[in-house]
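Two complexes follow with chain A in common, the first pairing it with chain B and the second with chain C.
Presenting the complex of A and B:
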């Protein structure tokens, strides 16, 4: 069974969401999903950019005004 | 309401006002605007020197005096008493900085991404106050910040801009280590 982990980065500015996401994905197995909650617009750019570069599957969902969930499925 | 729902689906609106621009686009726009600013005002773009003036005005409001401070009246001082006497509304730097703040507000409103963020913990406050104080103090004794000394320096082919860049990089490495180890 793959699991889904939420990472609350609301109220955190760059580069904290990216550093936390990098740390959190290390503890996951392939197929697990990491959901990074952010409300910092530049993290909407650098978190998905990093995850795609690492080869993971990435989806961005705008959940509210100025609030996003970056959904990352660990691929390797 | 229907208008806004339609707008959300409009490709041009999303491309221009909502999607983040690339780093290259940002760099080109910044370069163009700083050339416009230099030719229009005669001095390069700066941000943090204005904050020293704002601080001096606040200090004067509570009865303080900065006339004898080296920063404002010493030989070759970066600040100037005449700029302080001219006042808040006649200061080009003040208008620029207010423009940056209002521009940022406008762009986030146009993107419908405005949000008042929560303070997560006390460590965030300590980090912000500590970091802000060190950056502000450092910028003043270096006679400029990453805009005035780095961006303005390098774009006007001054060696000092490159020296600033090297030491700013050193500072950024130390700052990142502190952030990761103590403040998150």
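Presenting the complex of A and C:
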């Protein structure tokens, strides 16, 4: 069964969320979901772009003003 | 197994939430159209890559680009526009129903506004792919400046973005080395930026160079520049590299459907109309002369207004002009012309005499010629004979007899 992992990057500036996300996705299986929580807008640019380039599915939720969850479904 | 996509209907789907898309959303939502904006990353678009915006009217304190676009977003949301932060996977814009698909949703819209902007161009130099994202090559000084405190950075390019962002980086980095492809003293940026950059003690320039390769163990540590005249290779040690060498339009998804220029930008007229009915383009994705927040806002306003007009005219057309249930005639005229105005009485007379059997109406093109375009002719006046919801033929010699005879024989 696929699992969902939360990655708390609140308060972290670029490139920390991206580095952490790269590390976290390595430990997941195909079909698992990684949710990266961020509140630095710069990470809304580079984390989804990196994840899509890797071939994963990405959605973003703006959970609050200036706070986002980047939802990455590992595809390969 | 493929997941079933959720279908949602909107009046307008706007692709891209930069200054153009956000302004279009404000105009559409204010016209009470149900509007959704789809954005694949951060709302605000390219403006969010800029630290100081000096020339957007109304903001004299040089705010960050994001500060301006955040306000646009609030305004669009207040008007009722919806936002979805995900990537568009495919579109079908050729039919009357426009289809925009994302990973989980299928949006069906009456009109689509393409405001997908561009993305940074890369150098194409050797090993570039290996150092993208957090491995040493960046395209956003705003995003990555703080992590370059006391470091040495290389900037590629000499346009406004390269020089202005390069100067911003000098507030953090100990040295900023700029690779310029032109002869010494020649830059593509504005004169003010150029003077300031040449006087900045933390900035160094390597003239007549382009990138040959990127080198480094795991992370970038050397940018190898190539002198354009001597072909000499110049290795430059650095911690990170920023590329500001222009943009390429995000038009891959639509290139088979929408007419583009040879560089891939969307061709529009001054109403932001593309080659497809009901499909408009706005902002940097469009073939245009000056790409600025101010001009993106102008494009967005026009595209939003044009979408509203298109939707309204389509409804009027189907309900009142070219009815499928009743054959008839449409008088198309310009009310500014006295002679054309007088012929309106013919339509009124026909309505009272033959209104039970046929549907008669008149269309004034003074404010908008959208309906005339749908009828297929924009030189006035004329009468279009409608049969089964379609134009059968046109009549130039406008009289009661000619119209009624045409209807009876068609």
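The criterion applied here is as follows: the second predicted complex is superposed on the first by the 76 of 76 C-alpha atoms of A that agree within 3 Å, B and C clash if a C-alpha of one lies under 4 Å from a C-alpha of the other, contacts with A are read in each partner's own complex, and residues count from 1 in each chain.
What we mean here is this: a contact is a pair of C-beta atoms (placed from the backbone, for glycine too) under 8 Å apart; a residue touches a chain by one contact, two chains touch by 3 or more.
Computed from a prediction, not measured in an experiment: that's the story for all the values here.
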Chain B versus chain C, judged by how many residues of chain A each one touches: C
Touched partner set for A:58, first chain B, second chain C, both or neither: second
Chain B versus chain C as contact partner of A:19, first or second or both or neither: both
First, second, both or neither for A:45, with chain B first and chain C second: both
Common interface positions of chain A, toward chain B and toward chain C: 15, 19, 41-42, 44-45
Touching residues on chain B, where the partner in the complex is chain A: 20, 108, 111-115, 117-120, 124, 176, 179-180, 184
Residue numbers on chain C that touch chain A, as the complex places them: 40-44, 48-49, 66, 83, 85-87, 103-104, 132-134, 140, 142-144, 146-147
Residue numbers on chain A that touch chain B, as the complex places them: 10-12, 15-16, 19-20, 39-42, 44-45, 64-67
Chain C contact footprint on chain A (complex, rising order): 13-15, 18-19, 22, 41-42, 44-46, 48-50, 52-53, 57-62, 68
